[in-house]
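Chains: A, B, C, D, E and F, in written order; residue numbering restarts at 1 for each.
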Amino acid sequence: MDPQNEALLSLTILLTGLVVVFAVLIFLILIINVYGNIIYKVTQKRHKGKDKTEDVRAPVSAPEPAPIEVEEGIPGEVVAAISAAVYMTCGDSAPVIRSVKRAATNPRSLWGEAGRLENTRPF
Amino acid sequence: MDPQNEALLSLTILLTGLVVVFAVLIFLILIINVYGNIIYKVTQKRHKGKDKTEDVRAPVSAPEPAPIEVEEGIPGEVVAAISAAVYMTCGDSAPVIRSVKRAATNPRSLWGEAGRLENTRPF
Amino acid sequence: MDPQNEALLSLTILLTGLVVVFAVLIFLILIINVYGNIIYKVTQKRHKGKDKTEDVRAPVSAPEPAPIEVEEGIPGEVVAAISAAVYMTCGDSAPVIRSVKRAATNPRSLWGEAGRLENTRPF
Amino acid sequence: MTNDWRNYIMIGIACILIYLAIKKEFEPLLLLPIAFGMMMVNLYPAIMAEPTATANGGLFYYLYQGVKLGIYPPLIFLGIGAMTDFGPLIANPKSFLLGAAAQLGIFLTFIGAIFIGNLGIPNLSFTAQEAGSIAIIGGADGPTAIFVTSKLAPQLLGPIAVAAYSYMALVPIIQPPIMKALTTKKERAVVMEQLRPVSKLEKILFPIIVTILISLLLPDAATLVGMLMLGNLMRESGVVSRIANTAQNELMNIITIFLGVTVGATASGEVFLSPQTIGIIILGLLAFCFGTAGGVLFGKLMFIATKGKVNPLIGSAGVSAVPMAARVSQKVGQEENPGNFLLMHAMGPNVSGVIGSAVAAGVLISILG
Amino acid sequence: MTNDWRNYIMIGIACILIYLAIKKEFEPLLLLPIAFGMMMVNLYPAIMAEPTATANGGLFYYLYQGVKLGIYPPLIFLGIGAMTDFGPLIANPKSFLLGAAAQLGIFLTFIGAIFIGNLGIPNLSFTAQEAGSIAIIGGADGPTAIFVTSKLAPQLLGPIAVAAYSYMALVPIIQPPIMKALTTKKERAVVMEQLRPVSKLEKILFPIIVTILISLLLPDAATLVGMLMLGNLMRESGVVSRIANTAQNELMNIITIFLGVTVGATASGEVFLSPQTIGIIILGLLAFCFGTAGGVLFGKLMFIATKGKVNPLIGSAGVSAVPMAARVSQKVGQEENPGNFLLMHAMGPNVSGVIGSAVAAGVLISILG
Amino acid sequence: MTNDWRNYIMIGIACILIYLAIKKEFEPLLLLPIAFGMMMVNLYPAIMAEPTATANGGLFYYLYQGVKLGIYPPLIFLGIGAMTDFGPLIANPKSFLLGAAAQLGIFLTFIGAIFIGNLGIPNLSFTAQEAGSIAIIGGADGPTAIFVTSKLAPQLLGPIAVAAYSYMALVPIIQPPIMKALTTKKERAVVMEQLRPVSKLEKILFPIIVTILISLLLPDAATLVGMLMLGNLMRESGVVSRIANTAQNELMNIITIFLGVTVGATASGEVFLSPQTIGIIILGLLAFCFGTAGGVLFGKLMFIATKGKVNPLIGSAGVSAVPMAARVSQKVGQEENPGNFLLMHAMGPNVSGVIGSAVAAGVLISILG
């Protein structure tokens, strides 16, 4: 390939590349914004009554600082993320995180679970 | 394929199919009955003495009904099966099942286990 | 193949085989001895101070014999090995082993662990 | 390889299947990969492209070889064998009769497929091989259906797999009306005798004997039944739990993913959107209904023959669809008599239905293959 | 097949890589197998030998087919999809812009590779296909780099894979100086608004929508993106955890081993020890730097556009290298303001960078392939 | 493909092997699949059928390719490496001598096989390649035996694998009489010095050094030894436990199943029921006995050379058969002196026996291959 063609190809790659990558991802942004907003609003409307009461649920005081107790098997990364989330939610009045536990992962009833089992052995 | 041949083939499939499926499975019934009975009788004979004492082992009274406690990880299906089995064994006097636990799965001695280990790393 | 050639081949296999196997493995012995000794000495030198205090750490008395408590999941084989090791280290005054537990396997800090996690999801 | 309108319809169908798999939990372990494979191939047909002199094939082309060569279904059967307890069947081998009777749906559906093909509807006719593949939907057993179809009519893999797994998920809806219509209140209320205990030795001998007999009597069923029984022997022997666990977990999961997406990927628009597919959907439903009826009616026969000791409701479990069909028997029975526990009794016909459809598969392959 | 001096140098390099993998924990899951494969092929070249009429091929020849045919990288993407939470990206879809901007490194590196090839250094020139493969190092995404290189310039697999994984391990060292140089103290101290919660339904729809859009817009990215999204759909659906777990654990681990050793085994002495490799190493570093700069600069743009609501430090996470690059954003941000937690905000660009490089890969394959 | 009387005899033999695997726990992880494969192929020979222009091959034909192409045994070695602790060998490298001496059985058995072939018994003679494959039974190492046989004499895979695994299961019965006959009471009572501790660094360097040396000295052993050492490096490095665990569990289990059933499936009646098989069974036993004797006799030499510091009983562990042979040394030693714990001392020769037989395999392949 002669240098001129190479320069042309380079330019093509750079421009096509950036344009396509941006175009595709911007298209994704639009779509996600649209459906995300629809879903979010629908969900919000549905939970309206509930939310009011839930808003006061956040803890407001943190009597004394203590070392964070973290349940085994939860990576520090997750702890940082939780800290960040709490910090942002509550601003200055954020309590010091003292204990991180996994939420119970199986709140379904036993028979619901059996129903699931049925679907996990479908062969 | 002309319609006549098709009709013939259909009939062949239907009859051969049903006959073969029934024949094979009836043959299996016979074989299983034969070896099953032999094994069952041999085993029965061997355990005769023991069984008499074991028969009284079934619990006979159920003082008060209580919600069934089920060890985590046991599917509802199994609970139903156990309930069924107990119900049928004991008839009307069946106790209410209050607790389901896995039987200890490893009653072998430690060295027996080591012997097993040896066989699970055979390469 | 005529018998004479077969005899020759047999002899070749026997001699080449034994010579090569021994040569290769003796070569390995030499290499391992060399680097093993180097590492061992370097390590020894580094830990010199510490070792003296550690030497007295071994338990010296075994008040009363009791059945060995072994943490679940530790094969008998390992128990035997530990027994052997203790027996040899302490000679006659060896205490009766009464309890075998796994050493804590994760003494790293949480953030160290998170750093590890990062490397276990490298894709 | 350009996308035409049929591809877009297929993408829509795939989305509906994904919805059913996730929201309604219709056999999600297979319908989800199948639906995704269907979506992928209609978005990007090259993913199933054969290799050429200058280019590699698509990803799904390579993964599909395990379906095409008949490797995946027997390996899934290996895993199923390792999770199946044949105890209830050994305790009551007469259950085999119900597992045989429920295969009626397969053979009647074959006739139905040939019949529909002769109605003169344009583009709606089936070769004998295609009819056999459609018929096996009545076996209510996914890997068996895929195994037979990959041998007799691979071009129909998509619609047949979708129909088979969809109807298996619908068993709790399809079966009860048929069961109630064909039985009397008295029959449904029958409480069956407790099953005798089954010794470990019987459970170990069972897979060996079944393998030997079925392989000798019907070689075309040997691969499927053999692998099912190898899995079961690994389970019951108790000495190889390491490999028995891997067979029923990781190995089966990996193959489930590969099988699901590539079977789904056979359903390109041109193939799927044809009158044939509608025919397959109707015939598949008939197959399940006839199978259920066959089992229940034979159950009634056993009710009479045993003077009321057998509850005919356990007959419907003979279609396989383990363990849902057995659960349906239990549920319908309990509606009549809350103290009636048919589950273990229905497990016998249920697992014998798996063997029964493998035998029926052998018959179809040996006649039509 | 005799070992020459270049093989011994390669064995030395392999030992250094093993040291870095174990002692410095440089992406050990891939560098360790890659380095061992490199060592093996230089000790015993026949391990990669093609089969002949009279002899089988070497072990690695067979395992390498999964790389050559493009099977392994999409399957690794399946597992990555099953472990990735796209929540932060859905909550803030503008992150996609940063994931796009950070691909700048790829396209600039392409120009760099062409440029270097024209400097007249003996044995140092790259075809357009080779330049594209080198450029994709800037995607900071191992499987994508291997997928593109196996299609465009398989002869460079060894050096490109080594460069890609080494620089990914070095992200915490490469990125911070660039990030600090391009941002002001004020920008780095920005505390971002909390992300909105993302519902389960949005998370389920995301992989479906992304698959459909990207497959239609850029078919050459369909295989990689499709498998990533299948894995994610399996994860978010919640109904197929069995296969989702196997996809992200056993299946991915097995393929990681096979991919690692055989990619390493493409690095025989004759191929690796060339001026080209030195060029690749330099260009790879440039690619990472340009990608980081692209992301951060676009972050500054968003800082201005949003009147200070976006912290430009999260832009560097757009190169992918999940989750390390996001961690670097968090760390650099916290140095300025100890109460600033950027991690979740940086995860958006981070995971969008994976999609972004797959799209860029599609562009390169479609133009150069 | 019709079943003749020999097939029925083979089915009987398979049943006996299943009995031994389950009831006597003779290496059940491999004997059970081998026996089942043997049963299947004699019930239904088409399960090993090659593909034709019109029909697919049998299931086992495809699974068997991993044996035929030499893929499975090195992958099993990868898993074994990941479960093996070479510490006792590194602490006492002189153990290598015992691991070398115990390979005597291999080379003497080669001569024995050639000799028996010249006795003039009809249909009982072995080519040099067959003799080499039989000889490797003396390595007491399943994957090595299968690897060598698949290269030199694939037609004998069935009987050789059955003999190898059977005798490995019988090690606790075969070895003790030989050990007692060749040692004095005083020798057996020797209590050995405690092994020195081995540092992590030594354990990490060991697999690298062994791979380099053996690959350079004996390329034909490189594949087996290299994969064993890769597995061990993954284990000892401590930074890739994810893939090290998969290599020693799921990957090895899947391959064990495929290898077992298909190796068993090479034992069709015509091949297995020949005077050759009887010869193999006799020679295999001799191989184990000679190997044991070689190890013990060399142990006596070391007893003398070290002035009584080495207990010759640990020599028998050099045949490999990890960890059973080491356990036998421990048990026989303890009979003489209940306070004597030889286990860790015997593990050195034991694991060096694995390396030793791989080296011996390399010699056989390089001379006869």
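Following the convention adopted for this analysis, a contact is a pair of C-beta atoms (placed from the backbone, for glycine too) under 8 Å apart; a residue touches a chain by one contact, two chains touch by 3 or more.
Note that this is a predicted model, so its numbers are computed, not measured.
Think of each touching pair as a link: the shortest run of links from chain B to chain E has 2 of them. Summarising the inter-chain layout, the chain whose CA centre lies farthest from the centre of chain A is F. Of all chains, the one whose CA centroid is most distant from that of chain E is B. Comparing the contact residues of chain D and chain E by number shows a mostly separate set, under half of all numbers used being common to the two copies. The centroid of the Cα atoms in chain C and the matching centroid in chain E are 39 Å apart.
Each chain gets a centre from the mean of its Cα atoms; for chain B and chain C, those two points are 46 Å apart.
Averaged C-alpha coordinates give centres for chain C and chain F that are 22 Å from one another.
Residue positions 25, 28-29, 239-240, 242, 250, 323, 327 of chain E are each in touch with at least two other chains. Chain A has residues 77, 116, 118-120 in contact with two or more other chains. Residue ranges on chain D touching chain E, taken from their complex, read 3, 11, 15, 18, 21-22, 25, 28-29, 32-33, 36, 39-40, 43-44, 46-47, 51, 56-59, 62-63, 249-250, 253-254, 256-257, 261. Contact residues on chain C toward chain F in their complex (touch as defined above): 1, 3, 6-7, 9-10, 12-14, 16-18, 20-29, 31-33, 35-36, 39-40, 43, 77, 80-81, 83-85, 87-89, 116, 119-120. By the touch criterion stated above, chain F contacts chain C in their complex at residues 90, 93-94, 96-97, 99-101, 103-104, 106-108, 110-111, 114-115, 118, 127-128, 132, 135, 191, 193-194, 196, 198-199, 201-202, 205-206, 209-210, 213-214, 217-218, 239-240, 242, 323, 327, 330, 339, 341-344, 352, 355-356, 359-360, 362-364, 367. Across the complex, chain D is touched by residues 68-71, 74, 78, 151, 204, 208, 211-212, 215-216, 219, 222-223, 226-227, 230, 233-234, 237-240, 242-243, 245-247, 250-251 of chain E.
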